[in-house]
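Both complexes below contain chain A, partnered by chain B and then by chain C.
For the complex of A and B:
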């Protein structure tokens, strides 16, 4: 359907101006040149370079030698890489809980006659516009085992809380909570927009058929929202796989992070990349790590596109 | 259009050539001494920026043709930025160097060895050794630091424990630690900090008669039973509940616990004077004692040195400046306002600045001090130290096993250097 719509649009455009002259096309390129050049120089070229560097070994002060697939052989055998990938996947998987949560909150905010919507929306959206480092610092205090607010509240009800981000048993969950908390506002706004785009007639028709609020939510809202949910899941999976700043600040930056007893549960792929590239000066290997991450992201995204047929309904 | 581009490029080349020739000519006619030169000087400590600028101004007085631009980069970014600058050929002419990074820079030939004969006897021998690579000296020591035991007099009085004596031993330390711990009040004797080897593990390793790395820098010392004794000193304190566990210290750093009155002792460097005399809680409650003696008396000594970039455009001027920074007048000025100067005999001014503290402790320690252990790629095995010892600090793995694993991992890394 989109294809036909496009064709119709192009035909209309052709009809409107008979001959799109070559000068016009040239000007078009001139106008996109700044962005295009920026993308090529600052995104595309570094990606290609990184791909090349992943086959080299670096000296501490530059200068590299071609080593072929040696870095990749090392990567496959490195237990730290496997662990970092598992941690990253665990974070990504657990983070998906944020999507239904965002839908529920969006549905509540969308209730007709709800007062103070603007206040709630702002409250939910505030973490999104806060710097990730500030967010991580704040949660570090909240999670502090001895002085943190979380444990002080728990103490009121007689629970002796753990050292949330230093305890291997709780660290990943503590991290996921912060991840969801800081991204829920963004998802919620998009879901809210998606909900408001659902035609009112559908609800009216459902109402005439005798569907209550809850039934309407499951039979109308959810299916109609699936394209939005698909978009959100793609974006948040990619974002989660690139997790760095939260862990970097919450575990104690730099090498000190390794003294965190929970570090082996928290270390992400990008974290490992950072350590290899900038702490131990192993840049070729670091390049191989990010290229592997790129492939992982690509694979998961392709998989999601494959799976969408099962659950995404386009009107 | 192509034609004009090409001719433009040709013109540019010609201009570049001309300027290059002009530069050569100037040098050839000996006009250089008249030339005004500005040296860049890279440092990381903002609290020392003022005294560094003062030193630079002092230097320009005697060398009117050389101005010095002091460039401060915060510690967190200093090495990353410097490495990028060196790689790109834009390093400062003169910059601060530390022990763990020195051999990496020297072995890659990106800093310049000192060619002139200098009298190194004016500096502590261990610091001269720290900045010597392949028999060549690369930097003149600027300052130095040693480690001592900072203690909270109020907590000692409350537990009725005598203040540490100058000749106290590990046994005395352990006896005091047992008495100072008060679980009910949440007070621990000490925090067995894992992340600062310079203030903690390295000291006890050498006190126990062990070593971190062989003198030729090729083999790890972590499989030496004496080294393991030095590590056990700390894990025992955690096991006995005289130190908070690693989780607690991860959430709240030992220095914060000490400044909150939750730790009776804190092993810390001479650089902590600035912190503890300023902090509202500690300023009238703390004093300092030498580290307790194990099989031997030992403390880690470290110090910053001034080095020159190998690619500096003004090697003669840069050397003049480094020489000045390593001189007695410069040390005298530094001692009044900054860390302990490295130049022997100029340190008393530093100790006199806080007569209420026994700062002489840090100076006396120089006589038995051990240099900070380093190799060509120190950062690589420092990461391994944390990775393996974390497991012993949590009690997950016995210290013998963690140390053996660390020794194996470190030897593998050293073999690659």
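For the complex of A and C:
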């Protein structure tokens, strides 16, 4: 107690002795200047511009005119937008299954005295570091209805598999599997770090109370891990709502993509944004679409913060 | 504790999961070495046909060499820029005192909360009006600045001991000297973590390079590959060869720098 108080006093004394000099302040501004200017020009000002663009209509030669809320009215009535939002929400919701899966695998890897942890961890991590375009292409091949490995394996057990990403009934599930496969290693690493931060005494106390390993997992590990799980769920939801790479490569874009019978089940909000902004050059409308995406992300994040009281335990 | 009884079942589960993680890559490699007819044979053969010319074909279909170089230059530029600029700003926010510091840090952080798609149209306009479309600058410059990097490194700087810094100050060292010769070396683990994350993101980035660089020889690997599959949808062995070459460099870096990679990811995930 006194030691910390003393330390605080000396630190205060130091601070008092070292009044912020004018040169120090000057250097402060110089040091933040490059990033500050870069963020202002390329990130902060663009957000405001996008908000402004969402109230404009773009002509063929890049000029734009103020149209008020017309883009938003169009957006609300646009069935394609509605579909894209539903698809994106479905992908986001189904993808949450990956979180408990990652917890289970992290718990297994965290067992004391387990051998080969480094090998398993590497295997789980490989999809995380692989280029998403390559991942999408690889899975497109695995899912191929005629020659894909998935259906070949199913055929061994007598199942006649569908053409996974071209069948409206299966396309979204097929996509979610790839999403979980490629992100589980990331989540696992963060859960593992969270588990290793749980104090050993808690397990010892639970063990003395007669709790077995499974019981300890449910009454110590899970509650202690809930803040990490909350963080992961926030990050996953935000990331899933911005899904683009996987779908873009799996379905392609333009005419070829529309030939896929499952296209309307796969198109996401960001993919729609890409098409409106850079394929059909309908930039005002595209701006309205991303503003709507921002609102969706904000709403789901606020909702999660509200719900956390029911399941997140802070020590 | 029954240390001996536990592992077997656990190993079965983990090995099965690991197989599910790795098998697709093995199949990718096998397919990349087959003829098209070999790849589409039913039932499939599990053996490659050693058709190395698929790899040569990737270079014929695409300016793959150019795209590889573009990707390397872009990634190196972004890594160098972010490590330098972010560490400067992070040091200032962690250790220097100046009016408006907290407010400015809040403004920096606000960038983190905005989904990147909101920046894209105006950024494209900027590139277009500078005449930078289809150039290396276009894919490098916006990536030199990052709020995330500032946030990550500030956490590292805050955790460093004050004593060395104060000793240096008593010896008459100014902020620049303290930053360069004391703080940067001490923050090395943080700098490495940031460098690795920026490399990973830059190498795998698709949306921005796809939008600004549409000339095949100015594209990055991920955009080039996405374009390739649009044109040659059926030649899977060649596509598999191309996607293997494109993702291999980062996988190789990962294998060599596993610990730093994992630490980087774990750091990016902790709320600090």
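The rule is short, and it goes like this: the second predicted complex is superposed on the first by the 288 of 315 C-alpha atoms of A that agree within 3 Å, B and C clash if a C-alpha of one lies under 4 Å from a C-alpha of the other, contacts with A are read in each partner's own complex, and residues count from 1 in each chain.
Following the convention adopted for this analysis, contacts are C-beta pairs under 8 Å (C-beta built on N, C-alpha and C of every residue); 3 or more make two chains touch, one makes a residue touch a chain.
Here the structure is a predicted model, which means the values were calculated and not measured.
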{"item": "Which of chain B and chain C A:76 touches, first, second, both or neither", "value": "neither"}
{"item": "Touching partner for A:147 - first (chain B), second (chain C), both, neither", "value": "both"}
{"item": "Partner chain(s) touched by A:261 [first = chain B, second = chain C, both, neither]", "value": "first"}
{"item": "First (chain B), second (chain C), both or neither touched by A:278", "value": "both"}
{"item": "Contacts of A:59 with chain B and chain C, given as first, second, both or neither", "value": "first"}
{"item": "Partner chain in contact with A:167 - chain B first, chain C second, else both or neither", "value": "first"}
{"item": "Chain B versus chain C as contact partner of A:295, first or second or both or neither", "value": "neither"}
{"item": "Chain B or chain C, by number of chain A residues touched", "value": "C"}
{"item": "Partner chain in contact with A:307 - chain B first, chain C second, else both or neither", "value": "neither"}
{"item": "Doubly contacted residues of chain A, that is, touched by chain B and again by chain C", "value": "144, 146-147, 252-253, 256, 278"}
{"item": "Chain A residues within the chain B interface of the complex", "value": "59-62, 143-148, 162-163, 165-167, 252-256, 258-263, 275, 278-281"}
{"item": "Touching residues (chain side chain C, partner chain A) in the complex", "value": "3, 6-7, 10-11, 13-15, 17-22, 24-25, 27-28, 31, 39-44, 85-86, 88-89, 91-93, 96-99, 101, 104, 107-108, 110-111, 114-126, 141-142, 144-147, 150, 166, 169, 174-176, 179, 200, 203-204, 206-207, 211, 221-222, 225-226, 229-230, 233, 236, 239-240, 243-244, 246-247, 250-251, 254-255, 258, 261-262, 265-266, 269-271"}
{"item": "Of all residues in chain A, those that touch chain C in their complex", "value": "14, 18, 20, 23-29, 31-32, 34-36, 38-39, 41-47, 49-50, 53, 105, 108-109, 111-116, 118-135, 137-142, 144, 146-147, 149, 152, 155, 181, 185-186, 189-190, 192-193, 231-232, 235, 238, 241-242, 244-245, 248-249, 252-253, 256, 270, 273-274, 277-278, 283, 286-287, 290-291, 293-294, 297"}
{"item": "Chain A partner contacts - residues on chain B that touch it in the complex", "value": "76, 80, 83, 86-88, 104, 108, 110, 186, 194-195, 246-248, 250-252, 377, 379-380, 382-383, 386-387, 390, 393-394, 396"}
